[in-house]
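Since the structure comes first, as structure tokens, the remarks are kept for the end.
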Amino acid sequence: MPAKWQRFSVPAIVALALAIPAVVPNAYQMGVITRICLYALLALGLNIVVGFAGLLDLGYVAFFGIGSYVYAFLASPHFGLHWPFLLALSASVVTTAIFGVLIGAPTLRLRGDYLAIVTLGFGEITYILLINLDRPINITGGPSGIVSIDPPSFLGITLRDNWQYYYLILALMGAAVALSRRLRDSRIGWAWQAIREDELAAQVMGINTVAAKLQAFAIGASFAGAGGALLASWQRSVFPDNFLFTESVNILAMVILGGVGSIPGVILGAALIVALPEIFRDFALYRLLAFGLLLMILMIFRPEGLLSFKGPPEEADPLEQVTAERQ
Amino acid sequence: MRKIAAIAAVLAAAWVLAVPVCAQDTIKIAAGAPLTGPLAKQGQEVANAVKLAVEEWNAKGGVLGKKIAVLEADDQGNPQVGVAAAEKVAADPAVMGSVWGITSVTCIPASEVLDRSNIVLITPGCTNPKVTDRGLKNVDRVCARDDFQAPAGAVWLIQDLKKKKIAVFDDGTTGPRGGADEFEKKAKALGATVLRYVIRAGDKDFRPILGTIPKDADAIYASIWAPDAALIVKQLPDVGLTVPVMGPDGQFEPVDYIQASGGAAEGNYVSFLVPDVKKVPAAQAFAKAFEAKYGPVSSYGPLAYEATNILLTAVQKVGKPDREAIRDAVRATKGYQGALGVSVTFNAKGDVDTQNIYIYQVKGPDFIQVKSLNLGS
Amino acid sequence: MTMSDRPLLEVRGLSKDFGGLHALQGIDIDVHAGEIVGIIGPNGSGKTTFFNVLSGIFPASAGTIRFAEHQNITRLPPHRVTRCGIARTFQNQRLFNQMTVLENVCAGMVSRTRAGLLPIMLALPGARAEKAAAEQRAMELLGVFGTRLVPRRDRRAASLSYANRRRLEIARALATGPRLLLLDEPAAGMNPSETRELMSDIVRIRDRGLTIVLIEHDMHLVKGVCSRVIAFDHGEKLTEGTFGEVRNHPAVIEAYLGHRAAVAA
Amino acid sequence: MTFADILAILPQQLVFGITLGTAYGLIAIGYTMVYGVLFMINFAHGDVFMIGAYVGWALLGMLFASHVVPMHPMIVLPLLLVGAMVMTGAIGLLLERLAYRPLYQRGATRLGPLISAVGASIFLQNAVMLIAGAREKVYMTYSVFPRTWRFAVAGINVSVLVIVIASIALLMMLGLHWLVQRTWLGRSIRAVAEDREMAAVMGIDVWRVVALTFCIGSALGGAAGVLIGFYYTQINFYMGYAAGLKAFTAAVLGGIGNVRGAMLGGLILGIVESLAVTFINPAFKDVIAFVVLILVLMFRPGGILGEALPDWKRV
């Protein structure tokens, strides 16, 4: 892309995103697009943990669930609380960030795949607690979940239609993109990426890996918290079954499919993972079969993800070339 | 990379602009159910029963002078998928109503979506009270609710069979948990002792849990699906328990329960929402037609068939493709005489006023109806 | 010796055991500010282990390490050691391969910057200014190697040539703002002309006010830049002195060439 | 329940737990083997196990219908095991060829094969659902192992089937141990696990060894499918997920890459679950199983027996 076009690309994408509800003919497709944005928000959060900091988290859905339930607790007849939308959303974000640290802390010593199984365990634990904490005191509503959750409303406007949710979720997703970029290109992002590339070298470069990992868990979790609050207010009900392990795998697939660590890649991944099953919907029985096959094929032909960036090879001067070959 | 982005953009545009092609001379009925996944079998019976009813209407010339088509909506028993499926249904202007089973957890969010488009949803098998208790105008239910069905089980075990100490199981999902809760409430009111157990759907070895049931328990109420119930009755001998097991409608499955248990289910009880089609003269035609096309009726087929007929009758009564009017006409159904020999009248919430529960006992390869209970108003 | 002459680095009785293996035994070393000290010795003589213990990767089994204003840094974790002012490179290059050249250097600057999560997320002026300053300083450090690294600032580290990766590792270590720089075989794999360039780079870095300890097998380099040489063998310090003294020390010759050669000499 | 009641049922509960744990351990062996060599969580392994169970079910049905073969375990079991192992071994080879090798050869990171394996898992599940139908399949366990084949030792009820499963699990473990430690193939596997490039330099056909590892691991998974099919008596196309999750947990608990660790991890997991059910609350058995895993890993980050991985993989 010529450089002079480059600076128009961001406004162009924003304009396009804003125009979507005017172009898209029906509520179903609007709903799918809104869901893509919601999952992009979640995937951006997981991208911070997996893509930036290189911590393989298979229980990310736990934070999504905690965020949803916190919102549901604070804005539904369940406890008779009806906090304003923004306040309840903030509470979800803060709570999940705290849980991110709580879950991250015991896993800091663990290496890649051990971390994966332990986070997976936390995901399962969260799911089981959501189901079973309806007695002796009814906290979570059990498997029936919490219903009649308040829709978002600001300044006296209550959101009901898919296109309204689309703008709300798009705004938060946009914020997530901006935050991801700022963090990636900051001292914290440098620390995360250094840990991902070589944890020991990162320590020797003076990076406090414990603090950096906890920050990654907290930020990643808080994105999921925001996503959870949005899901609860959009679906107007939450159930433990919203937060199964397969959901974690889906979100991870979004991150990896698009290209680990690449922000546009993650959004593309979310679009594919949400939209593909919808496109295959007409094939009913064969839909999941085709989805699984497609995941495999995509990985075979683009193992680094669709939008992964690989820099050009070094144009070494001849002298260096000889040296390199001698090694 | 740019090429991929371009291809993606073109595909996305094509998908977004692909307005559903709707021939104006059809009316569509959505059949929502888990057509894939663990509950696919029961879900497909719902869809098949809807198709059968629609074919019969079409054979008689359709409705409003138009042919009727069935739009299958697979919710996979998963709330999010259910929402997406419902959105797709709502987006099709030809859809005039839906028959949606069988899991409450998908039915509830799906009904919220359909409500925004005034599409009526009649459920043949979602028994959770919350399905209708939310006061939505578009949700009606042709089957009995968990808070009637499970108490009927308690009445049967405690009053008829004189059981005193009952182990109650659920599998940690919405419907079964709700049923177990209702059973516990009623059983305690009737003076029995209740012990609660939770199994994990997907587990296969329940012996460790069964082993903790006290040996003086004299019955089990298993608010779980047929395959899990079959496992439990097969594993009971391993822990030395011989007590009758009773369960709700989810166990009304000749193959997945009786046959799968290999004889271990003999003598057990199941409550169901549909009377024995063999015993209802009015249902014979349906049972034969269904069996000829899709195999024996084994679960919610009759109620899905009934729901479809109620829906199409309402469409005919309204006389025009007006979703809102059809929704209200369904709710106004009074004294509808369907294929099951029971008259259907919806109350203000959308529940049938006759909360009919039928108790069956396993005898050989079949369920034999041993009692019918009407706990409705 | 007055207080001001106190060594920058003071190692006393440093030992490191791995199970039964004595990788380091009773090492005593002083390094004074402004020195370039070379450590030589055959493979397996404990040189790299010494660096690993110094930089906190392995905890010492016995002994003390004091640094700068006589702080005891013996038990500090690696990142704290670095923050005290000791930076290092690795024998087998441990760059952050998927990060760009500039980002690699910036990663070394993390401990020297302050901005917290919120200021970064809100892009507050303080955080932005700090980041700009960090990047400017990183460019300046790339400039230490003339035009070798500066034009390649946006390349992935993995795509660099061997010599440039060695240079980048030094630049990254400098970014942590050290007073003492530990270089583990900086010339390994370089051709003679690159080694000559490296020697002048090392002297130039010393002239910026740093103290350098380097492990090296290339005697040409050791002779050319080191003001003092320490020889290791079997985890013990054999001797120390000028290059000439150490090279002619019988124990060193024996360690390198074996017993018979030493007798013959 | 009083404490005396609990004590009275405890021995029997432990037996149930050990049996459950043997099942987990059986599946975990295949996981741990593939992981030890390739350093890859083979998410599809649970589904390979499921396919083994289906193959066994289909063969059992055919044997039963043929009326030729007497339904004796000594005849039926070997036939079923061989059939399932051949089939799943072939699937393992295919998986390696299609979903793992191309990715590795194109220089994928460790996450790529993970997603590819998830894709394979979804594909296999749905393929089985389309071929065999969504309904649960019933193993005719009691036609092969009659219900009366059980005995009581000191009040504990044990069935012959359980003894058979445990013995075969033990045999499989010993066989694998022998294979890895004593044979040419085992030495090659260890060499590839240690250092793939060095193994290639030493003249080992690395990809053949990787393929064989996949094949053997999958065949063991298939055998586990048959045995556990008999024990569970009912199978379905999505059973691989829950079983695979537990098996992977068991493998990590015992120390991944370590065959004895997988078996031990399985046993501990099974016993923990049955004790949790007995003493605490059945609803929280999985919570407690995972809490135990997390606690073990916090204090022994390499699992109970320690991981059998080469140094470079541990960093």
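Per-chain numbering from 1; labels A, B, C and D assigned in written order.
By our rule, contacts are C-beta pairs under 8 Å (C-beta built on N, C-alpha and C of every residue); 3 or more make two chains touch, one makes a residue touch a chain.
These numbers were taken from a predicted model, which means no experiment stands behind them.
> Among all chains, whose Cα centre is located farthest from the one for chain D?
C
> In whole angstrom, what separates the CA-based centres of chain A and chain D?
Chain centres of chain A and chain D, defined by C-alpha means, are spaced 32 Å apart.
> What is the distance, in whole Å, between the centres of chain A and chain C, each centre taken as the mean of its C-alpha atoms?
Going by mean C-alpha positions, chain A sits 40 Å from chain C.
> Please report how many Å separate the Cα centroid of chain B from that of chain D, as a whole number.
36
> Using the touch definition from the top, which residues of chain D touch two or more other chains?
In chain D, the residues touching two or more other chains are 126, 241, 283, 286.
> Mind pulling the residue numbers of chain A that touch at least two other chains?
128, 131-132, 200, 285, 288
> Please output the residue numbers of chain B that touch at least 2 other chains, ranges allowed.
Residues 36, 172, 198 of chain B touch two or more partner chains.
> Pairwise, which chains touch?
Listed in label order, the chain pairs in contact are A-B, A-C, A-D, B-D.
> Inside the complex, what are the residues of chain B that reach chain D?
Result: residues 36-38, 40-41, 44, 172, 197-200, 202-205, 207-209, 211-212, 214, 227, 230-231, 234, 237-240, 255-256, 259-260, 262 of chain B touch chain D.
> Can you name the residues of chain C that touch chain A in the complex?
Its residues touching chain A are 55-57, 77-79, 82-83, 87-88, 90, 94-100, 103, 106-113, 115, 117, 120-121, 123, 127, 130-131, 134, 152, 154-156, 159-164, 172-173, 175-176, 189-191, 193-194.
> Along chain A, where are the residues that touch chain C in the complex?
Residues 179, 182-183, 185-188, 190-191, 193-194, 196-198, 200-209, 215, 219, 261, 310-314, 316-317, 319-324, 326-327.
> Okay, in this complex, where on chain D does chain B touch?
1, 5, 9, 12-13, 16-17, 19-20, 23, 126, 129, 133-136, 138, 140, 142, 147, 157, 159, 228, 231-236, 238-239, 241-242, 273-274, 277-278, 281-283, 285-286
> In the complex of these two chains, what residues of chain B are touching chain A?
By the definition above, chain B touches chain A via 1-2, 4-5, 8, 12, 15-17, 19-20, 35-36, 72, 74, 78-81, 83-85, 87-92, 104-105, 108-109, 112-113, 116-117, 128, 130, 134, 172-174, 176-178, 198.
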